[in-house]
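Presented sequentially are two complexes of chain A, the first with chain B as partner and the second with chain C.
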Partner chain A sequence: MIKGENKKEQSMDFAQITFTGLTTLSSISILLIATLGLAVIFGMMGVINLAHGEFIMLGAFVTLFSTQAGVPFVLSLGLSFVALAIYGAVIEYIIIRHLYGRLFDTLLATWGIGLVMYQGAILLFGSYTSGIGLPAGTIGIGKYTMSSYFGILILVSVILTATVYLIFVKTKYGVMSRAAIQNPQMAGSIGIPTKKINTITFSFGSGLAGLAGGLLVPAFPATPDMGVAFVSKAFLAVVTAGPMIISGAVTTLIGVGGVSSISGIIFTSVIGDVVFFTITILILRFFPTGVSGGWHGKL
Partner chain B sequence: MKTSIKALTTAIAISSAVPGMLLAEDTVKIGALHDLTGSFNIYGIQQSEALKLAVKKVNEDGGVNGEKVEVIEYDTQSDDARYTQYANTLIIRDQVAAMFGGLASSSREAVRPVAHQNETIYFYSALYEGGVCDKYTFLTGVTPSQQLGVMLKWAKEEYGDKVYVVAPDYNFGTISAHWVNEYAEEYGLEVVGEDFLPVSQSDFSSTLQQIQTSEPDFVVALPVGSRQTSFYEQFSAAGLKDRIGIISTNYGSGNQQVVVSANAGEGIVASQNYFQVVDTESNSEFLEMWEAEYGEISDPIISEANDTWNAVMLWAEAANSAGSSESDAVIDQLLNGVELDSPEGKIKSLPSNHLMHQVYLVEGDSNHSFNVITKYEDVMPEYEQSVCNLLEDPSVSRQFSPGS
Partner chain C sequence: MVSFNSGGEAGKKMKISASFWWLYPSVFFLLALIFALTTSQYLAYLATSWAVFGLLAFSLDIIWGKGGDLSLGQTVFFGVGAYTYGIVAINLAPVLGNSLLLAVLFGGLSGVLVSGIIGYFIYYGRLGPLQTTIITYTMVLIMATVAISTSFELGSARVGGANGMTGIPPLTIDILGFNSLTRHGALVATLTIIFIVTLVVVAVLKKPFGLVIDGIRQDVLKTELLGYDVRKYRLALFTIAGCVAGVAGGLYSSWAAYVSPSIFAVTQALLIPIYVLVGGRGSLYGGFLGALFIGWLTFWLGGGVAGGQTTLILGAILILLVLFVPKGASGLINSIIGKTMRKTHAPINEESIAPDLEKLNYFLEEPEEKKVILETKGLNKKFGGVVATDNVNMSFYNKGIHCLIGPNGAGKSTYLNTCIGVIKPDSGYIVFKDEKIEKLEPCQRVQLGMGIKLQVAKVLEEKTVWDNLWLSSYSKIKNKEEANDIVMSVSDIIGLRHKLYVNAEELSHGEQQWLDIGMVLSLKPEIIFLDEPAAGMTKIERDRTVNILHILSKFVGVVVVEHDMDFIRALESPVTVLHQGAVFTSGSIEELRQNPEVLDIYLGRQKDA
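Entry: the complex of A and B
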């Protein structure tokens, strides 16, 4: 009798711990998906895109409208990527390229772009848009269940991060773009078209933001301010990442996002947020060059 | 000093000498503070439309004491600082007889002291956490003591005894959560857990796990703003809606039922004094007028629109029976009880500067709308009435909250 009871309690604890792991992974993967585009643009160009949240929002609306028009969800995601990549290239060509090397000016310009996009979205789409909703289906461990879509997002975030990493490490474009950020003059003098590379990078980062919007729109209803929810943490992850931008951002998000999610589960959501920002501040205090400051690696 | 008195007497002399000439152009000005831009414009735009519609109706019916009502409106941009600024502008420069508007409780608290100091009546028209007691601030929205009591009693019957509270981390959320605890004790419910959400939060995985750990029979969900609306989506997708009930005092007030998917919205229970589906004669007239003025209704009319309409109507009624639109005369009428037929049904002003309301318990359907489950008639703001009597003590100016 006593044995049986013990066993039951143990299995409950096991379910709870496993499920906590799953919840934490899902929170990290959402942040990671929302951060990648920003990380690429900052890491490869030294530009902080303050309109990143609005890029995510626009991508969300592209997926939303094309799904509602009958396009399959996966294809709609592709559309979001392509649409935002084109949009990003245009923005880079018209505005960003004139401001390279002027960090504060690009901050101001992208912030302005964000404001215009936000109010534009309110005027165009209105404040209420019906969401597409999450697909049915749940993953269960013991008495706990979560939406299976969040499980899928975990896999997607891993695949997406690996793809971005490989593009910058293995392809010719990737090598050239890293050369362009590390030593622009040297890169230019050996014939790397740095301007063209920058346009491609900004476009690629924007496309990733669009894809993120598409991936997130089932769980987070599309509203003009939906991107704002993710960007503050994405910015902090990118800033604390340091020179190895992709691996640094992944490390930060797993570490800080993980601890914050777990404290959210144990205590309250507010404490989870406090923990996130406190750890970030501590990291920047003790590793002023970011977590990857002393690392030897490619990205 | 001497010249100004002289100028004043001359002015009075002139105006009393030619009353007929001025009468044709005489208007009484009212001020409106609405969030026409920024994140609260999902409420502000409808509040503004409702106010103008109500003023039009008042003017068609002969105006206030024979004068036409004129609206001076400022866009407060969802920014509390603008509320203070424009409230001052309305009073000092525009010299309005009354002020209307405000959505977030913080914006109301920005206007309230300005109204009180200048002894100008201010109507706040949104559901809120309750407890404000101030002669110059009249609250036409519904309060927790009108919504939560009836709803928790109903939920106990329907779902069971164990309740979990999810609320935003600012005064509306924390005070409402406090109310849930008070009523839980009264009705023999057990609060098995609470989570307060940062306003920027939109990933609710942690909260959903906590809910599952505490195994409640139902959840009181009070998310505010478009980002927190995703709570309903994620709650439903995690499969919790099948085994845990979900009730809310503010679901629908920002048309959340339109934003969430049809699946997620089905079965969410809410209680307020007005939903567009409310079936009263005055509501059909109200909706007809709305369509005649603004065309076909695409976004459902929210309770704040009803509350704003009621504010204008109450003010006009009180000013007409007082024979003056002076704030103190209007307030005197309101404190002694003005009764009106409104879109929600019968309303009556009370000595706590709140309203007796009709409260509707509704359930989300599978088509982004609601079905009415029950109507609670003539519900009093018990708490506000118990702590606040402005007829007896008109000098009070504070917000009461349970435990304070």
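Entry: the complex of A and C
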């Protein structure tokens, strides 16, 4: 009798551990999805798009409205990507490209863009909080259940990261853009159109932000300030990543994001945020070149 | 002769303008006081907040305009100052009857504490400008959520999460018999505190501290190689800015009588760089103008700061400012004045004055005996898969010249940079004057007696020749009078006495090289590293450099990295050949010219060919 009860408790513990593990993994994958676009722009252009959170928000609204209009979810995701990619190209063309080489001015301009978008969203959509239903069923682990959509997100984050990595390592555009960031003058003098590459990169990064918004909207209601929840961690992960931007950011998000997510589960999500901030600032204190500082690799 | 006179007059003008540094703030303060005493009660009340935000903008310009780092997190120090004043004043103001001092003291202290901790990680971690900005920005995002979810009671003060904190006492001064200040009184008190804080900061930012900060803004590495611990100076500046923001926060919550987490909102943080940009970055006082202008504009437009479209308009303003007027109002004025001023400053007579190298004999002291001063043992450094320094054992004397040669990529510059500390070795020892120094920072090694002139001439372009030389002269002796004397001697030695008050950016390429050498000399080092000193020089300039190195080497050890073989032959010194990071061979230049293996590595011939 007692033995049986013990066994039951143990299996519940196991369920709890699995559940915590899955939750942590899914929150890491959500962060990863939200960070990729930022990492691409930072890694290939050396600038941080402070409006990244608002780009995600806009992508979320695009998916929300198109699914409400009857477009299938997966197609809506594509729409979010394309819409934000076009939007990003326009922003790059009329604002960002005039500020290259002026780091702080670029940051301030994207900050301004973000706030205009935020306020614009409030005016246009109100404090819209309608979401769309989670597209898939649930997974049960012992007495815990979680939406299987979170499981899908884990898979999607892996595929997405691998795709981005391959694009920059294998394609002609990827190689040219990595050359452009390493030595812009040299790249320009051997005929790489650095201006065009920058437009494409900003557009691609923006598209990824839009796709992130679309992927997140079933799990998080679309509101004008929804991006804020992800961006502080995304910003920190990107500046902590170091020279191998993709693998560095992934490592940071798995390590620091994991610890922060677990402390978020144990305490509150605010403590999770503070833990994330504290750990990254500690990492930067002792590894100023970032987590991937001493690595050999391409990205 | 003519040009000497014009330099002297420009110098006098500069000295006069430097001794009237308190004039601007005093005039502004008087004007503000006149306004404060004549305006309506309501406008006085509003103007108090504009002045407080002006002080906050001033704090940003300290770190951004002066220090060159964009902090988007000044509102964090501001907000923490506001909360701290609230908690302390609610508990202590009824007892003390004097909340003015509390606002300044506790606002400032909390600002110092928070900015000190954050600044320590930023500057002792040697983070880049982008990382610094992002860290300060995420600090805002995180503080916003922390403030919303934090509620506690401390004595009679209650911090109520999203509800904020209410019942914060206004400014009171007991000594003058006021119990609580009127709105006009509060404005006058606020303005007075702002005036004092501003004066103190501007006084601190004078020489030498301010000059070091100017150096850091223009070239962090050069300033460090002049022997200043840039981490310490940057942290100090960041903390001063945090302190000022904290004081502003204390004043703010005494004005508003209420603090809520919205003080940490991104929309709030956005205003501060806008104020600075409107007023003009780098002008320090510009922030006050910006805050006044934007404050008045929103008042005139009839919308409160919390109004619906304000964020939209301000965001757009920020984009437009950055795109079209990055230097702001005072920047525009300065560039107009600067153009006319520069014409009068420009030297009329361009005659070049030959360096007076004989003076070196009086300037430096000859070491008593020739001995090894610097030694590296088993020094190794890898970059990724590339071995840049491969088990290098070398020693250098405290007088005489030693040349390092080798083909491109032989690891010469890496070796010099490892000796001076810019690059940390993977393994091995560096012994300088019987002390292991491989773990010391570059500035510490310079303080011990090393000096380096990097490949590209590094001078502080926005500063005069005098300031450039003074900065390096002051570094080790920390005595203003002696530093002045060194500047005079060195300017004779390098032949730039007649251009002491000319900005370094107006010097010719050769003159900048000389100034750079002069800055290294001003440190009175015991060993000097010169990375390609003859690069880009004409034959006359090169001969002159050979001459100076010969005289110099009587007093200090000189290590020269160079490609120019004629130059090296003229130096008549021992030569070491580096190849693929390792010591290949040593000898006189004539011996090396006979050595077929040396020719092989220089010409890239294979050994079996």
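The rule is short, and it goes like this: the second predicted complex is superposed on the first by the 292 of 299 C-alpha atoms of A that agree within 3 Å, B and C clash if a C-alpha of one lies under 4 Å from a C-alpha of the other, contacts with A are read in each partner's own complex, and residues count from 1 in each chain.
Just so it is clear, a residue touches a chain if its C-beta (ideal position, glycine included) is under 8 Å from a C-beta of that chain, and two chains touch if they have at least 3 such contacts.
This one's a predicted model, so the numbers in the text were calculated from it and none came from an experiment.
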item: Touched partner set for A:L107, first chain B, second chain C, both or neither; value: second
item: First (chain B), second (chain C), both or neither touched by A:D273; value: both
item: Partner chain(s) touched by A:V228 [first = chain B, second = chain C, both, neither]; value: both
item: First, second, both or neither for A:S130, with chain B first and chain C second; value: first
item: Which superposed partner A:Q119 touches (first chain B, second chain C, both, neither); value: both
item: Chain B and chain C contact sites that coincide on chain A, given as residue numbers; value: 119, 122, 228, 232, 268-270, 273
item: Residue numbers on chain A that touch chain B, as the complex places them; value: 16, 19-20, 23, 26-27, 30, 119, 122, 126-136, 138, 140, 143-147, 149-150, 218-221, 223-226, 228-230, 232, 261, 264-265, 268-270, 272-273
item: Contact set on chain C toward chain A in their complex; value: 64, 70, 72, 118, 121, 124-127, 129-131, 133-135, 137-139, 141-142, 145-146, 149-150, 266-267, 270, 273, 277, 308-309, 311-312, 314-319, 322-323, 326, 384-385
item: Residue ranges of chain B touching chain A (in the complex, touch as defined); value: 37, 39, 41-42, 169, 194-198, 200-210, 212-213, 215, 226-227, 229-230, 233-234, 236-240, 255, 258-264, 299, 368
item: Chain A residues within the chain C interface of the complex; value: 46, 48, 50, 95, 98-99, 102-105, 107-109, 111-116, 118-120, 122-123, 228, 231-232, 235-236, 238-239, 268-270, 273-274, 277, 281-282, 284-286, 288, 296
